[in-house]
Every structure is written in structure tokens, then in C-alpha cells.
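In order of appearance the chains are A, B, C, D, E and F, and numbering begins at 1 in each one.
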């Protein structure tokens, strides 16, 4: 990776981190768990990485298996994460 | 500019805009003017553009003059902006 | 000018026309003040206090040397007899009820002014003794009523059970009625009030009371802030409303007056019968006939299980404050009409015109004239 | 079990031991209730109300067939004489003051329980008639005082001048004292209060009152929430404080009691003399000797220009509420001790132990024993 | 560009972010300004290192001149004129962006003769438009604020239509500019239109709304810088520009809300800033309105306040809010009292009853005679639902039914804020000329509701 | 990668931003989750289009399996076990990052045989470390929470030293990994160390602190995703990862603050998981704190509120604030009542006097008997300076001096907020175990001051 590309990625990283900080300022305690769970689902974005890994690197056994393993785990994280968050939040609505 | 570079610039733009929105949520009325003035000074960042313009494009008369003109104005904006903001904010302290 | 203050002679009257503070003020304005000995006693103003303020305290007889006489209640014929010809008198007169007194004034060519005739205009507010006394009366009516009631006013949730708040029903939201609302509300009662004048709704609510509106009728003529005439239809609807509300009331305070007339009967014997045993009615209109059929002037009686308080002179039960305020009112009027060297008023000026009853042997007050036909 | 309610015989007593509501509750629990005719009258509970609630209303004689007798005030010897042997009695007894009654109970082997001996523990709060009655008394004391005062309580700025607020000084911030503070404050007075127990400061302030602290001394022994003993030094400093404050007071209410003892003298004759003419003292401790030297039990007297109200039975002046609350208290105690088939209490249980005075011909109450030496 | 410069830009960007963040917090505002100034310095120095300095002298000369002018005016300007100064500075910023864009355009088309790609072209055009509008708009705002041009809204029929036409023309010419890059005429026309639009959109807006306009233009100048960033492919310009652009919009909205106006309402302009009294009889009074936030700011900066309660306070049941206001003021060590007129309300002692209910201690309530001389030394008098008792006609107009009644000298105070629902009359049924006095501001609305908001604002400020 | 994919990633990133933003707001949380799920879908679909799908079958099989497992557990899990489920999912996320990093490493070194540059290398190592720690850490947290491993902190001496040593070793081996990329042994060691460290840092932390740990690990898994983004030079991974990383840290801090602990305190562990109530006698109680803002948000989203006033309200003179709170709630159509305990305060009717003073109408005051059954259906009970009257010991503990006294069933409500200054006792002088109940949140501070702030926050929200 060339330095310029890296630096611009760092821009993205820095700005996104700031944004992450600013977005969460005051959260009522009832939302702590859903928020954790919801953002956990977002961190399942590794699934994109896993997809790329299984595909591009799909030729060696080890890389492939690792990729597939990662893909399964990431999918669990994503699907389970969103589903469970939604379940929790649905509960709140009922009131 | 190639598309990839553009897109990543747009990332920067989008994230920075979001950040701009999030940063300013509640501002006491007393700070409206200083904030306006302070962020006005920041918008004087065009000075960087003006510098580049005067330098890189410093060969043609028109471009150069335009660049210099821009540089003067941008410097006024930057220096005046910061100074006047600071003056305002100093006043608040007094109370 | 020499001011003479006589001790009140009316039964149960505890007020006095001037207070030491006001005497001091008048002395500063170069009036002379002579006061009958013991005049302030029942208002807890001692002779010594008056003397300290600069008045002369003298036996009754000597007071009659004054130029202008101040009292709370109307002067007696005996008092007038002792005055010098051409003297001046100021007090509550309700002259239209006292033809003999007016005659005596005329004969003695006494200039008389009546406190109850102060016009209710903005700049006369400081002389408005009707208001100042009604205000105290409103407060006192609640206290008297509360004292006769076998319950407390406020809601109280206690280990031994919950005491529900007393319900107080007030008729008439004039000065006295409003103060009664405020006082009952302060003590924690639920207060409801009705009045013929529609603008009183907002006033009642501004004090936390609930206003009972007689629905679907207009028919009240209001003149200069006073209820003048009420249509028969209105009265009937009002009766209905009262009939309904009075059953639940613990304390009823009636303040409805119609200037110069017998006060309207708002609470009939039937209604009293429908009330809860132990409840109380304070009839503040008892002096002018009463708003309740059964109330008796100056007496507290129990009828059909309801205690009827017919105290006709409530302000007098708060003599200290009542005298203080009255003294301010009467002295302000005096200063409006006169300075230390004599009367200076312009007979056409609104206030002077309003209060002047007799002058130079003539009855000049139009309203009094219209009633007495003198 | 048959409950008998006797009409109170004490002078001026208007309360009754049960209310129709409570009767209904007892009937539901399968008790029988017989009530002396007219017992509730002065609390505005009619015989018909009781009958509607399920009680039998009978002449006095027939009441004596009951198993347990309820009253507000202590039973008279005559009443005890009419009871069957082994019956039970509940009321305020203050048994340590009534050796004859205790003897009579012993002779007749009557189980007696005293309402004034209910221990002040959390779960007994519903039986705590001392509190429920003191609470009402505190309210009433203020109303009585306010009624005797020649001024109004609140500050009022009017066209006729400003009326300064009344100053109310309260001694003792027990249940009655606190309610007095609340009531006086509601009505708009400036309220100050002093008590020997330091924790009352916060309580007084929580009601908007100002607490007067006796500076620089400790020396108060508090036991179980009651002031037990006060050092001489404290008393002296307290006197000094009172002397200073009482001069400005318009209304003084004293509530200081020391359990089982004569109440302390807080207001001396000297102090009364120093007070403003027209001011009022309500001595709520008058029953047990009074907090003011000059107050007279059950009388309202004027001494040195100060009105001294010595009403010893204030709750009785609010008979409706007082009876309601007392009925809850006494019935809760009864239900704690017994069910419809008889007494079931455990003599070692804290409440039962606290209230039981005599049983099986024995005086079992330790405190009463210690005083009476029987 | 070297990595170090890029990292410097990154640091500058972070400092700008922190700067804006802190500028919104009373305590940290000054530090925030410092931080962003440091960021600016870093960005400038970093830029200077990258340049092949051909024109060192000119550059420094320009910066010296600009810096001196900026500093001079920043120091010299009077505090009251700061808003107009900010407007002017802001305009310069916009103009600078325009200048850079033009310079780049000419350089590429005229000197280098290269084709400008779409992104660059769009960026240049955006920079010209936004920069130009910002410049003339700011200048007009500046002129309006310092009185060189009337603060009155200047409107004419067809105004909005004209603006629309101009914008369409702009779009057309923009396309031409892209297609015929070599022709300088098109971009020149663009500049002209942009400058004209700037003038046109600001003139119909009244002087009182100028702060909002300036804030919006400030946001624009950020966007212009951002566009310039795209032209130069420069991150720090994009970050700083978009930060200012976005935060400026939010700030504008906050300010609009504070003025109880919608942004649209402000921009369409021409509604005039004075409400005339809805009086049917008598001479109508010209009054000035005040909003909740401004009221809060006035209280915040006062050192003495007197409240005059009247019947309206009772009607609104605003007594409890008064206690809160008192608490807020006393927290700020503001001397706070109530002036009780003897006949305020509808019964003797009406105000006393209510204020006692609200637990306001008696010693805060001052009688008319005792307080009447203090009004002249008082920063703010808040008249809450009172009318007759502060009506100067009682002193001056013998024809008035209240003539001769003593009144509270509220009018003598430095500033009078009157909280009532409308221009409705009081008990006496007469107009109150106090409301038209120059030191009097009307805070319309139910007393309880509006004052609750004022107190809310004050809580936020502390 | 095609531009369209990049734009899709940009959109996904924006959706993640909005998703996180809304997840923090009671009303919008569910929508936020949806938005971010849509973003995820877009990112996945966009990615799929770019792939030269060689292994289509395997890929879909993996996703099906993973999706099914995820969905199954998400549906099946009991509500009470959700935190542990989240922990596990989170661990999987971390492991996935590790897997991708490893896969990339092996692919490049073993298959392609290319040199991995510094940035990439660092990214891979970071991904391995963070992903590994996240995985085993989460698994331990999961085991602790579901009781398979004791919730007690497991400590041994030299624990911190061991961790330090391990980290140093990791650094050393990391350098080796970079230098001798071709040797798979180094990276394998790195994986092992990372997994071990994950276990070691979580075991000393007590079960009650697990939520904080999970939140922190959640932040880590974000960072791991971010590192993976750097490996793959993929923006959406960087944006999403850093968003989660940053917001996770903030959330962790918020949670720590709510538990009145510092993050350090939690992480260093071994202190026991209980904040002991300042009790000298009796078992100490574990409490949760709540702040002013969070309280306001809770009220904002409630549909029924009961206030239990006690002596502390009187001491604080907070009655007027209660009326304001009532007004704020009623504005939001929240059912709002006061439950009056017969002996609340220090005199009969104490609460009545005060609430009447504050002009709260009588019909808002409900007796204990009438309201006691309603608590169970109430969203929020606010206990204001009451203590004994809501002490469940009165029902359950025959030894307690208040045993047998009827109490208000405040504990039955969904959430109980207790406003008092400290863990101070009430009149009866006994501990109140209600304060330690899971549905109970302590709002410490003088009742008037804190609740004034809560009301202030609520006003701002509306």
C-alpha cells in the first residue's frame, strides 16, 4: 500500500472514530445492551473481509478453510447480532 | 482525478459532514456568535488553497494575481477571524 | 383642622377609625387629632400609643370640640347633637338606610361624607374601605367556618386512614369571596365558587378555585363592576346548580350583595335540609338580609344539623388589621378633601361628589336622595 | 365476639370510639357490634348510620352485654361496675393516673388495654391513636389561635396598606407541633419552632418553618423518640431564647410533653407580660400541667393582654375526623389482639405487651406498675 | 505531496474537529478557538514547505498585508460591531475560494492548456458559485448591519422569479464553461451571476435576521472551501470545509429556532421585523418583540432584576415559574426582587397569596413605595401579566381612568421585558404606552409557558 | 473494485453511522438497528458482485450455516441470556477477523509468495492480536455469564506480570513474523498468544462486571474489523470498524460510570465485582447508578410513572420540582401519579401538605391501598427521598424493625429510580435491599437539585 493511500485511509479512520465518539454521548441504561448488541452486529462487517478471503484466496486449502471458517463465524455474528438486537428492541416497544 | 481517489475524498467529505452535524448539537445562545466567528476562521483554510494557487500557478499574470488576491483575503479571514473570536471569548470570561 | 375620633358605640364593634401610625401621618400634615379615651382599646391600640403618635387622648365630651369627626360606623343622633354646627363627619354611613341621621345632619348643617360611597375608580382605591374590610371579612369567614366544622380542610393520608379534603362552596366572587377562596384553598380545601358576573370565572381560577358556571343563560346586567339585575331564568338555573352542589359541601360561604338592595336569597331552607349534618354556612350577607333563608344576624345557630354563622361584622373580629386599613382609607379620603386649614375639595370632582352626603343643610347625594326622598 | 361501644361521658367530649365505616369492617370480620344510642351524635354519626353499617343501636344498659368495650376516654367506675367479670376494655386509659380504675379492673378481672400505650414502632402505626389525635390537635390549635388573634396570618400588600404576616412560635416539634407548623405556614404566617430533640430541626425546615436552636448546649437525653431528660443548663439557655423570641410573637403554640411526667414550664408569667397586647397562646400541654404558667385548663382567659387558650381536648373539636381516625386505630388494635371468636394475642408480642394493662386480676403493665406501686 | 505534510494536514483536521467541538461549550470555547488556530498554523506551515517557492516575496507580502488588516480590524472593532465584522471576514473567505478556483481554472485552461476533468470542473463551478454568493451576500449583510444600507428588507415583485432565472442561467452557462473550457468569457459570466445572486438573496432580509444569514453564509464559505479542496485534491480543505459547512447549517437552524422562525421564513424574507400593536383605537404603538432565548441571555447578563407580577401571572398560574426564575438568577448572584403593586391582581393581596404558594420568601416582596426609586438602577424589569399597574398614563394623562393611581416605575429601568399573551388591555381597559417605549421588549405568549422556556434556556446556559 | 461497489460501501457506511446514532435514542433504536442491517446487506451484496466466484457453493453454504446458527440462537435464547449471547456473537466476530487476517497472510506468503509490506503486516498482526483476544475473552465472558465457569473473579499472584510478559513476547514474535514472513510458525505463535491473553485478561473479572467487559470486547472486535479493513484496503470495513471501536469505548465508559467504577478498576479486576454499600453492618448491596440525562431519557420513553415521595423530598423541598416533572410527563401523555404512603415523612399528611403547596391536584395523589397493585404495570417508579416506605424487608424479614408495616410495592415496577443523596438510611435506620434490585437505579444527589436537572434535560428533549 502506498503512503498516500494509507494516509487517506487514516483520515477515514480518524474521522470515523471521532464520529463514533460523538454519536454515543448519552445513552439511557436500558439501551446499553441493545446498543452493544447492535454495534456488535455492525462489527460483523468482517463478513465482507471473509467473503473476499474465501473468494480471492480460495485456492490454497489452508487459506480457504480459514476464510470459510471466518465466513461462518462472521455470518453468525451478523445474522444473530441483528436478530437478537431487534428482539430486544421489540420488547421495549411493547410498552 | 480518478474515480477511486474521488470516492475516498467523498468518504472524507461525508464523514466530516456527519461529524460537523454531530459536534454542534446544543449551543447556548451566548456562544452563537463566537461559534460562528470561530468556524468562519476555520473556513479560512482556503488560505492553503490560495498558497498553492499563488505558488504553483504563479506564472501567468492573471492566475497569479487572482491567487495573491485570494491569499490576502484568506489571510484577513483567518487572522481577523481568530483574533476577533478570541476577543469575544475573552469577554465572556470576565463575568 | 382638628380631627376628632370617637370610640365606636355599636355592639361588638372593636374597630377604631384611626391607628397610631396614621395619626402620626396626620400630625405631620399639621392636623390636630383628639381621640376619645379607650377608643383603640379593643383594636389593641392603647391610649398611650396614640399619645405617643401625637394625638390628644381626651374624655368623650372633649372630643366634640373637633372640626371633623371620624368613625367607622355611622354617627349616632346623640353624637350629632353634641357637635358644633357646620362640623364635618366621615364614616360608613349607608345614609340611604338612616333618614333620621340625614335629617340631623341637615339640621346641624353638618358636612357628611360616607366611606361606603367612595367610587370604585382606580385612583380612589386607597380610600376604598369597602374593599379593605371585605377583604378581611373574606379571610375571617373561612376561619370561622373552619372552626365550626367538625373536620379539617386538607386532604391527609395517614396511617390511621385518609381524611378527604373539605369542600368549600363560595357564592359571589367579589373582594370578600375571592379572599375566601384564597384562604380556603391555602388551608387545603377544595373550593368551588359561583358568581353572576362572568368575568369572575378567570379570577376564581387564578386563585385555584373551580368556577361553577350557570349554563346556557345570560341575563345578568353588570354595571360598574356590580351585579345590578339578574333575570328570573338565571336565578332558577342558578338555584338548580346550587341545589346540586350544596349537598356535598362542608362549608358554604355566601357573599352575594346587590348594592343598595336586599341581598338575594341563594340558599333556601330546602337546600339547608339537603346538606350533610355537621356542615357549616357562613352568611356574609346577613347584614343586608342574608343569602340564606335561615341565617340569623349576629347569631350562630344550628338548624337541620347545619351550623349557620350569621356574624354581621366580620372585619371587627380582626380589629387590629381592620382598623389599620380603615384608618388609611379614611385618612386618605380626608387628605383628598381637606388640608390642615380646612376643606378644599371641588364639589364636582368625582370622588368628592361620590362621598359627599349632606352639605350646608342639604342632602346632596343623588343615590341617597333617590331612596330617601328627602 | 361482641363489641360494645359506649357513649363518651367526659365533659365536652364529642368523639366516639367507632365510626360507621369501621363498624362495617368489623361486621365483615364476623364481630357483633352494639352501640349506645346517640353515641355518635356529636361526631355527626347518626344512629341510623351505625345501623346501616350493621351495628345494633341500643340503650346504654344493653351495651353492657358485650365482651369487649371500646371507648375514647377511660372507663368510669360506674361503667366497670356494670360489666361482666372477665370482659375486656380498650380506650385511652393513662392508667398510671387512675389507680382506682386499675383496682376496679383487677377486681372484676377485666382485661384492659390502653391506646396511649401502643408502642411507637413501625407496624403499630395504624393503631397509634396518640399520633392521629395529636395531628388533628396541631391543626386545630392553629385555627383556634388564628381565630382569637386580632390580625390575619398572611402578608398582604393592599391599596390600604401592607399587613405584615403574623409570627407564630411553636414549642415542640412532635406530631402536633409539626402539623401546627404546616397549618400556620399554609395560612401564610412566619413560623418558628424549637424543640429539645436536635433531629427535629430538619423536620421543621422540611415544612418551611424556621428552627430555633438553643446554641452551645447539648444535654438532652432522647429515648425512643421521646425527650426524656433535659439538663438544667439547657433549660436556662432555652428560656433565654424564648424570652427573646416571644416578644415578637403573635401566636404561641406549646406542645412540649414529657411522657408520664408533668409537662415543662416553657412560658413564664414574665414572658407573657413581655408579649404584645392582643397576642395569643394556645397551650396544648394544658392537660398535663401546661407549658405556660398562666394557662387554665379548659378555659380561655386574657391575662396581661394576652389571650391564653387552655383547651385540653383539641381533637374533640374535630369530632368527625378524630372519631374516624380513632376508630381505625382502635379497631386495628382489636383485630391485632383478637378475632371474632376471642382474644388470640401472645402476651410476649411487642404490641400486646405494650398495651395490656390488667389481665386476670393482675396489673401487668410494667410502666403503670412502676408508677402506681400496686 | 510528502507524507509529513499529509500527516500535518491530518493533525490540523483533528484540531479543527476539536476546535469546533469546544467552541460549542461555554467553558472550553476559548481553548477550542486556540486549538483550531494552531491547526490552521500547522496547515499553513506544512503547505509552505511543499511549495516550490517561486514567489516567496509576493506570498509573504500578501500574507503580511492580509494578516495586518485582519488583526487591525479584529482589535479595533467595537464589540457591538463584531457581527458585521464577522460577516465581512466571512465574505473574504468566500471570495478567496472563488479566487483560488478562478486561478486554477485559468492556469489549467490558459497556461497549461490541459483539459479539466468533470470532477474538477464541477468543483470549480461550485466554488465560484458558493464563493461568489458568500462574498456579495456577506458584504450586503455587512452594509445592512453597519447601517450603510437600510436594515429594512428591500423587496420588489418578481424577486424570487428573478433569482430562479439567474440560477437557471447559471446552470446553462456552467455547462458551457465545462464544454468550452478555453473560453474565459463563460466563467467570467458565472462569477458575475454568482456575485449578483449573493446580493439578491440578502437584500430582502431584514436587519434583525442578519445573524441567521451570516451564519448561513458562513456555512456556505465552508462549502466553498470544501469545493476548493476537491479542485486541489486536498484533504484538509475538504475536512475543514465540510466541518464548517455542516456545523454552520446546524448552527443556523439553532439560531432560527432561537428566533422562533423557520429558516425558510428568514430566507424568503420581507416580513418585516416589527409587529405592530393590534390596537383598534388610539394611536397604535410600535413595539419590539423579544424571544425566549434572548430574554434568557438578558437575564444571564443582568446584575439586578425586579419582577412586577400582575393579574396575568395569576391567570397563567405562573407563580411557580417565578420561583424558578428567582433561583436561576440568584445562582448567578443577580439581585432579584418582586415589586408588589397594592392593587395588582383582582383582590387585595392577590400576588401575595400566589407568591407565598410558590414558596417565595416574604422578604423578596417589596412594597411599591419602598421599591419605586430602585427601578432606575435596575437592569431588567420583568413585567409578568401586569398592565395597569405599570401604565405611565397614570402619571401623565389626566384623561386616563387610572390617572392619579400610583404606579410602579417599571419604565425607568434599563430594560423592561413584558410577558403577556397579546396587546390585550388590563382591567382599566386602556392602552399602555410603556409597551412602545424604546427600552421595552414584549415577550408574547402565556406567561407560564414562555417563562418556563426562558428558565429552561437559563438552565442550559449555566 | 468498481465504483458502484465503492458507492455501495459509502452508502453502507452512512447507514452504519445513522444506525449507531439511532440506537442510542429510545424512540429510534429499532429503526437504527434496521438501518444498519440494511447497510450490512448492501455491503454484502456489493461485495458478492465483485468476487470472481470460484467457490460459490462453499461460500453460500458457509453463509447459510452461519446464518442459520445465528438466527436460531437469536430466536431461541431467553431474554435473560441475551448478554451472554451477545458476548458469544462478539467473540465470533473477533475470530472472523483473525481468520481473515490469517487467511490473507497465508495466501500472500504461502500461495502468492509476495512480500507483505509494513502497513499490511502491521494490520495483520493487529487483527490477529485484537481478534484473538476478542474471541477467547468473549468466550470466557460467555462461560462466566451462563455459569459454566464461576462468576467469581479468578486471580492468582503474578497475573499482571504474566500478561505483561505475554505481550512483550507477542511484540517480539510479531517482529519475527514481519521479518520471516514465509515461516508460518511465527504467526501461529502470535495466534496462540493472542488467544491466551484473551483468556487471561477476562478471568480475573467478576461476573457482575461482565457487561462492561463485553462492551469493551465489542469495541475491540470493531477495531479488529478496522484492522482487517487496512489489510484489504477496504473503506467500509475501516469506517464500520472504527465506528464500533470508538462508540464501543464510549459506551464502555458510560457503563462504567453507571456502575460507579472506573474502567481501569474494572479491567484490573480482582477487586470483587460489588460496590459495597457504605454499610458497616449487614450484607452489602450491589447498586447501579444512573445519571441525570439517562433518567430524563427513561422518563421520556415511559408510558406510566408513579412517584413515591418520602421524607427526603420534604428535606430537599423538592415538591415544586415534582410538579414540573409532572408537567413534563403529562405533556408526553405519560400517566403520572403520586403514591402516598400513610407514614411517609415525619408527620401525618406530610406529603399532602407539601404537594398541595406545589399545587399538585388532589386527584394525582393515590393512597397506598389503591395504587399498590398498579406498580407491577408501571414503567418507572421514581422514589424521591423515601426509604422505609419502600423497603421490601417489611414484607420479608421478620427480624426487621419495620416488619409488618405495609409498604408501597415500588420494587414491582419495571424500573425504579431512587433519588437520594447517598446510601443513607431512613427513620428506621435499616438497609434497604430494594436499592440492590436489578430493576433499581440510584440517582444520587439532593433530590431538588438532581431532579431539577432531570426536568431540565426533559425540557430540552421536547
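Throughout what follows, a contact is a pair of C-beta atoms (placed from the backbone, for glycine too) under 8 Å apart; a residue touches a chain by one contact, two chains touch by 3 or more.
Chain identities (UniProt): A, B, C, D = proton-translocating NAD(P)(+) transhydrogenase; E, F = NAD(P) transhydrogenase subunit beta.
None of these values were measured; they are calculated from a predicted model.
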Subject >> Any chain that touches chain D and chain C >> reply: E, F
**OP:** State the pair with the higher C-beta contact count; candidates are C-E and A-E.
**Re:** C-E
Original post:
If you average the Cα atoms per chain, which one ends up farthest from chain D?
Top reply: B
Subject >> Whole-Å gap between the CA centroids of chain B and chain E >> reply: 20
**OP:** Quick one: report the Å distance separating chain A from chain F, using the average Cα coordinate of each chain.
**Re:** 17
**OP:** Find the geometric centre of each of chain D and chain E from their Cα atoms only, then give the gap between the two centres in Å, rounded to an integer.
**Re:** 66
**OP:** Quick one: report the Å distance separating chain A from chain C, using the average Cα coordinate of each chain.
**Re:** 82
**OP:** Would you give the residues of chain A that are in contact with at least 2 other chains, written as numbers and ranges?
**Re:** 8-9, 11-12, 15-16, 18-19, 22-23
**OP:** Would you give the residues of chain D that are in contact with at least 2 other chains, written as numbers and ranges?
**Re:** 125-126, 131-132, 135, 154, 156, 158-161, 163, 186, 188, 208
**OP:** Indicate the residues of chain F shared as contacts by at least two other chains.
**Re:** 13, 17, 21, 235, 239, 317, 342-343, 348-349, 353, 356-357, 359, 460
**OP:** Kindly provide every pair of chains that touch.
**Re:** A-B, A-E, A-F, B-E, B-F, C-D, C-E, C-F, D-E, D-F, E-F
**OP:** Report the residues of chain F in contact with chain B in the complex, numbered from low to high.
**Re:** 1, 3, 6-7, 10, 13-14, 17, 21, 235, 239, 460
Subject >> Of all residues in chain F, those that touch chain D in their complex >> reply: 311, 314-315, 317, 342-343, 345-350, 353-354, 356-357, 388, 394, 401-405, 428
Original post:
Of all residues in chain D, which touch chain F in the complex?
Top reply: 121-123, 125-126, 131-132, 135, 138, 175, 178-179, 182, 186, 202-203, 205-208
Subject >> Interface residues, chain E side, partner chain D - complex >> reply: 340-343, 348-349, 351-353, 356, 359, 362, 365, 367-368
Original post:
Which residues of chain C touch chain F in their complex?
Top reply: 154-163, 165, 188, 190, 208
